[in-house]
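In the two assemblies presented below, chain A is common to both, partnered first by chain B and then by chain C.
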Partner chain A sequence: MNDLLAPWQPTAGDPFDLAKVGHLVRRGGFSASLAKRRELQRAGPLAAVAQLAAPGPDGAAMLQQLLTFDDIQRVRAWRVWLVLHGEHQLQLRLSAFWHDHFATSDRKLLDPRSMALQQATFDRLGSGVFDELLAAMCRDPALLRWLDNDVNTKANPNENFARELFELFTLGRGNYSEADIRAAARAFTGWHVRDGRFHFAAHLHDAGDKELFSARGPLTGDDVIARTVVRRESAEFLAAKWLRWFVHPEPERAEVDALAAAYEQGGRDVGAAIRQLLQSRLFFSPRAYRSKVKGPAEFVLGTVRSLGGRAKPAQLAATMGALGESWLEPPSVEGWHRERAWLSPAAWLLRSNFVADLLAGRGQQLAPAPRTLMPDSKKPVDLAKAAFLLLLDAVPARAVLDPVAAVAAAHGADADAAAAAVLHAVACLPEYQLL
Partner chain B sequence: MPDTAVAVVRCVDPPAAVTALLAALGPVPAGVPDAVRAQLGIGITMVRAFCDGDVGAFADRMARGGAALGFELAAGGPQPVVVLRPGDAAAARRWCGEHASGWRVRAHGDCLVLTRGDATAGAATGRWGTESFGEAAALQATIDLAPLRVAAGSQWPAWERLDGPARVLLAPIVHALGSGTRCSLALHAADGLRLCASIDASVRGSPLGALLPAVAPHAELSLPADGVASLRLDRSFTQLLRTPQQFLDPAQAVVAQSFLSIADGIDGASTSFVDDLLGGLVEPFVLHVLPPEPEADGPVPLLQLPGFALVAPLRTAAAGELVLQAARMLATIANVERQQRGRAMFLVRPMRTETGHGLVAEPGPWRGPGAVPLDLALSPTVWIERGYVVVASTHAAAMRVLQSPGEVPQSPSGDHLLVRGAPLAAWLAANRPVVELGRMLDEGEDRAAASRFFDLVQAVVAALHSVQWSLDVGDDVTRAELVLERAR
Partner chain C sequence: MPGCDRRSFLRALGALPAAWSLGPFGSWLPNGDERSLLVLELQGGNDGLATVIPTGSKQYAKLRPTLGAVRKGALALGDGTALPGSLAKWHGHVIEGRATVVHGVGYAQPDRSHFRSRDIWQVADPQLQRVGAATTGWLGRAADRLAGQGAGVPAAALGQLEVPLALHGQRVVAPSLRSIEDFQWSAPAGPVAGDSPLRAIVAGAAAAGDLRAFVQQTQLRAIELADDLRAALARYRPHAEYPDTPLGRDLQLAARLLVSGFGTRLLHVGFGGFDTHARQLPTHTALLGQLDAALDAFLRDLAGHQRQQSVALLVHSEFGRRAAENASQGTDHGAAAPVFVAMGGSVGGTLGQVPDLDDLLDGDVRCTVDFRSVYAELLQWLGLDAVAVLGQAVPALGLWPATGRPK
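On to the complex of A and B.
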């Protein structure tokens, strides 16, 4: 096994402490309550990753009930609700990854049902073998309509789907030719949508010979998928993206090679590769810790989950949208621009206001109330320590702690206001904006 | 009771009132979840302990000759004053000594006066001794509105600060609260609970009074026997849309005017949506809510929507044809929008029977994946028959409402809402999974919490025969009434 991906082993000098657990639950999920983090700490790193990677419950009945509404706000609230309540955090994290990867927007489709079904596909196949996920996505009604493949016919081939298949979904720019795109577009002719389902229109399909990646034959869409997923460039493209998503915004060549190799050796099993990554020395390295900027979902949902609270999903989704990450409406086929793109003076103010409103019960209505989150903390300094443990990973040095404690002291005997103030102060720290 | 009290609640015969109120409330509904039942049990036990046992006997000891609770306004907030005429003065004094810590207790004739704070030190008989409390009831209250308005300042509800539909819905009440001097309340406990309120002011004569339609006695189609709910909203949509800027906030007024710019073209440039279409209908309109139709063959939505039917008598036959024209236009717009979303269009077709005619929009067969969407259970209908126009969510709902006998209500004006408990509880029970999901997504609750919530709601609704709300605006008085009747 590559050294970078070898399992990280805690030692007396480098223990599996709350900082490590916090790092794991933020990257492998959407954070967790302090009680849950302590439970995972006791379990140890391998068991903790296994808990995060546990499969989710069968959501078929809930999905059918959701489809009844046919309402995009409800679909968005459903995704937020799952993140807030789901124990299967890695599966949900991967679903969010695939939503960003196969970025499909309801702004064009105006079809909440197809968007919900696409999300359900991510939940079902997002942690499995990539070949199956890609095959499903190439038959996904939302994606086919989003990339205009429902008008891709033998008489009038449309290259949009094929181009994004190579550029954004599998190989990355520079790893295919224009001739490959034209051949793939012909192979996907007739892959259409009828009555909300995938429909193969044989009479519109180009069954002639095509040449793809220097091989020739009467290729179908499935042939294109099969020949694409096995290419080394695909493994490297996906590995680099996973490393940017889970570990560090600027992965190094050796890291990409290591993860790509592990992914290929594992039979292109996404879940296995990501589990290996989350257990690795690379993942727990100082280079990875707090190296990424929280996106709106990570900030908004992570705050609620870190506090172990409950809030209104639709309102949280609206806040995420105001901060620039409206799920089901990515800005383009490339998904969301991440990291530093999330931060701006206006976004920082919105983040601060969101936390203040959440803690004050203005619109967001966090339950339970802030004071009950820190029941054993009476003195300002104890409130500040508790707030750091709830939202960040450890109690900081006095130089950082004391100003936050002073915020609590300013509220005198008003315990609710003091608790809300220290939590707000910690959530506004620069460190809290980092993942 | 001091003259400075601004609100007084009075009970002339507390023992009888306790008996009547307990009888009207009835036992805890059968379906109430055990957890809630346990909390209620604790609460009842605490009340009994507080009352030294039987509540009726307690009321007799403490206030056989009557009781009153008043509030004075003070800097620190409302200060309560309690005046009791005990049946057993010694026992009442003893109880106050044990339980009324923080209260000052003193005798005044055959009464006990309990006060808190300095503001109530001057308790005396005065204007409240001669004040009329209106009709006899288990509980009566009179409230001085003017000093409360001054004390509340900007917190007092003002029509100008209302948003959205509240501007239209609440205009009569908010206006009365803002201009009246006195509000009288009476809680009756015979044949259910009936709360009556009366304010000595009316929106009539004010600019907002134009929202009330001029009503002549006319027949209304009654709610079918198994109907869920019925609402008559005594507002003039003709007046509302004639001068929307007078009644709506600027943004809504623009929306209304935009709608009218399209709607006015229904029947050529010479037709006015407001004058010709709405003006051809008799206001106020009545909305009936009916239980869902029995499940049809083939796939149906997991949530069975009730049927909605809006009924208006026709003033002119031409108005009926204009309504049909408007429905055709709206159906076309809706179908274009559906097509843009990749949805099957509704088939819009005229229908005619021996007694009526109309327009029915029917959905095509469902072929998509997954559960059937809600709109596939709709068949929007506009139907004209017996001098009425009915706009309904389904053809069946329109027909069912038209089968009801017409009736001339005692008061054809005024708001009236009727909700029947049994059909609403049955609807909830039949649609629990989807309704629970709606709450989970709205409130962030998990399935168990949402289920507990609807267990309680369903039990309470099932225990009610009906809930009625009415609002009647006279020339110089505004009356409201809320009636809750238990299922027997």
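On to the complex of A and C.
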């Protein structure tokens, strides 16, 4: 067993405390209520990861209903609703990962049904073997149209899909040649869309010999997939991206090697690799803790979930959009720019205002009301302590606690205003902007 | 003219007067009329051959059997090229000497990845290997130097919530602005007038480590900006009517920042949608039409505020597109392409070699001007040390008269 990915064991000096649990639910999900975090703490790290990784319910009925609306706002609200209420947090986390990875935008497609079906494919296959997910994505109507493969024909090959397949989906730049792209583009000729479904147009497919990765043959799209997923570069490319997403924005070589090896040894089972990662010493190391900048979804949905509240999915989705992460409309096929790119001065001001409006019930409605989230706290310092436990992982030293308590004190006997002000103040701390 | 391969680059360095190596020219700038630069990035890879059309070439119709229709109604520039009818207003600015078309701008060994090529342009490094947390952009490095000159907000991004890599500096935290309303603070109790109560909370927090320090600095910057910015922007009155498009709104906000005396010297605006792999003609014509209307309003507004001579404009894309159209009546990722420059003191018109469609390189227009020489020109015009910002001596284009001083 590789040392970095060996299971982390709590000790007396390094226990599985609320900070560790908070780290786990923020990265392996979209945060959780204090009650849920305490429950996971009692269960221990392995059981906690297993709980997060539980498979989701069969959402077929809800999906069918959604498809009848053909409305992108509803599709977006559906995704937000699932994150707010779903117990299968890791699956949803991976679906969000794949949405960023195979970043497809409805701005070009104007096809909410295909966008919804693509999300459902992420839910269904995103925790399974990568080969199957990739095969499904290469037949995904939204992705094929997004990357112009619906006009890729034998007579006139279009390289857009093949280029992104290698550069962004599997191998990463520098690990293929322009000739490989041309060969793959020919292999995917005729992989089209008809009536909203995948359609193989045999008469438009180029069945001739192609040379890919220095091997020749009459390759089809499935041959390209099979020859690509087994390449070491693909394992390393995915491993590095998972490490950036789940652990640390700048992974080291040894970490990439370890995760790539685990993924390959596990038969390219994505869920198994990610579960191993979330249980690992690497994941629980100080290097990982609060090492990432929260994105809008992590900030907005994480705030509502951390408070154990409910809010309207459509409004939260709109807020995420205003903050730069409008699901189903990534800025480009490259996905969203992450980490420090999320946090300009303007973006932070909007985040701060979102929390203020949420707590005050302006435009956004949080239920239950802030005051009832901290029923046992009356004195300003107790309100501050309660707010830290709800939103951050621990009660801090007095030097940090006291300015927050002073915010509560400024509202005198108005308990509702004091509770809202103190939660807003904690959500504005630098620490809270980090994942 | 500084070319793109290393040999012609060095040759040009040897031949040019030493003006570019003299360092900052800030001393002659009159107070209160600080020079500013707006960089407009056409995102997705703008088709240079449909933007500045080499109408003199017989190859054009052969390479572009359907897209060649763009020549109908094109407006000649006098050097064997023409602008499409969708750029009619811009054509007037070029012909009348307010703007320049520079042909064949790019870099050697072009990268066809949008993201890679965009990073190369934004960092100003054709050999760029890897973008990390410490990577800075060319405008960010310029802003770092302006920050010491008392500028309020030396640099800002418009029309994009994210700050582009071009604006990442070592010291400067450039804000991104979408509207002035973005800069009103709210607390649970209601809108906050005056200084934000958050300052004490944020400033008092322990911010150990590089990332926490970055977050805290960003937060304090936002608090500091909000009040100042709203007050400064309220002073603006438009001198032109802007089109009601996202780009029109972004350029009006740019003009507002530039004329409000807020000290903004560098602006980056993104305008997307140029990745036209299929059915390009109607899409591209509409995009250029939006560009034309917004740029025209921007230049007229600046002129009305007597700022046209002190604001420069650069319009570029991460690459052009292949010379031949593809089978989907679109174009695939290419290499060199024209850029637009408007700059007080320059003579306008066209500059550089007209693309030779009989002499393509791997199906692409050859690069004849290193993009960094456009940057060098603009940096010098701003009064900055181009060598320091670009990390090496790059010969400037020579758009202004030889001494490098304005008319």
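Note that the second predicted complex is superposed on the first by the 435 of 435 C-alpha atoms of A that agree within 3 Å, B and C clash if a C-alpha of one lies under 4 Å from a C-alpha of the other, contacts with A are read in each partner's own complex, and residues count from 1 in each chain.
Basically, a contact is a pair of C-beta atoms (placed from the backbone, for glycine too) under 8 Å apart; a residue touches a chain by one contact, two chains touch by 3 or more.
Note that this is a predicted model, so its numbers are computed, not measured.
After overlaying the two complexes on the shared chain, residue contacts for A:Pro430 are found with chain C alone; chain B is out of touch. Of the two partner chains placed by the overlay, only chain C lies in contact with A:Ala155; chain B stays clear of it.
Of the two partner chains, chain C is the only one that A:Val404 touches; chain B does not reach it. Contact with chain B, but none with chain C, is seen for A:Leu66 once the two complexes are overlaid on the shared chain.
Shared-chain residue A:Val224: touches no atom of chain B or chain C. After superposition on the shared chain, chain A has more residues touched by C, the comparison being chain B against chain C. By the document's definition of touching, neither partner reaches A:Ala261: not chain B, not chain C.
Residues 148, 151, 153, 155-160, 163, 167, 173, 178, 249-250, 290-291, 293, 323-324, 331-332, 334, 337, 339-350, 352-353, 356-357, 359-360, 362, 370, 399-400, 403-404, 407, 411, 417, 420-421, 423-425, 428-431, 433-434 of chain A are the ones that touch chain C when the two sit in their complex. Those residues of chain A whose C-beta lies close enough to touch chain B in the complex are 61-70, 74, 77-78, 81, 84-85, 109-111, 113, 117, 145, 193, 195-197, 310-314, 367. Residues 301-303, 340-342, 367-375, 433-434, 437-438, 440-446 of chain B are the ones touching chain A in the complex. Looking at the complex, you find that chain C touches chain A at residues 43-44, 112-116, 132-133, 157, 161-163, 173-178, 182-190, 197-198, 200-202, 204-207, 211-212, 214-216, 218-219, 221-222, 225-226, 272, 277-278, 326-328, 330, 332-333.
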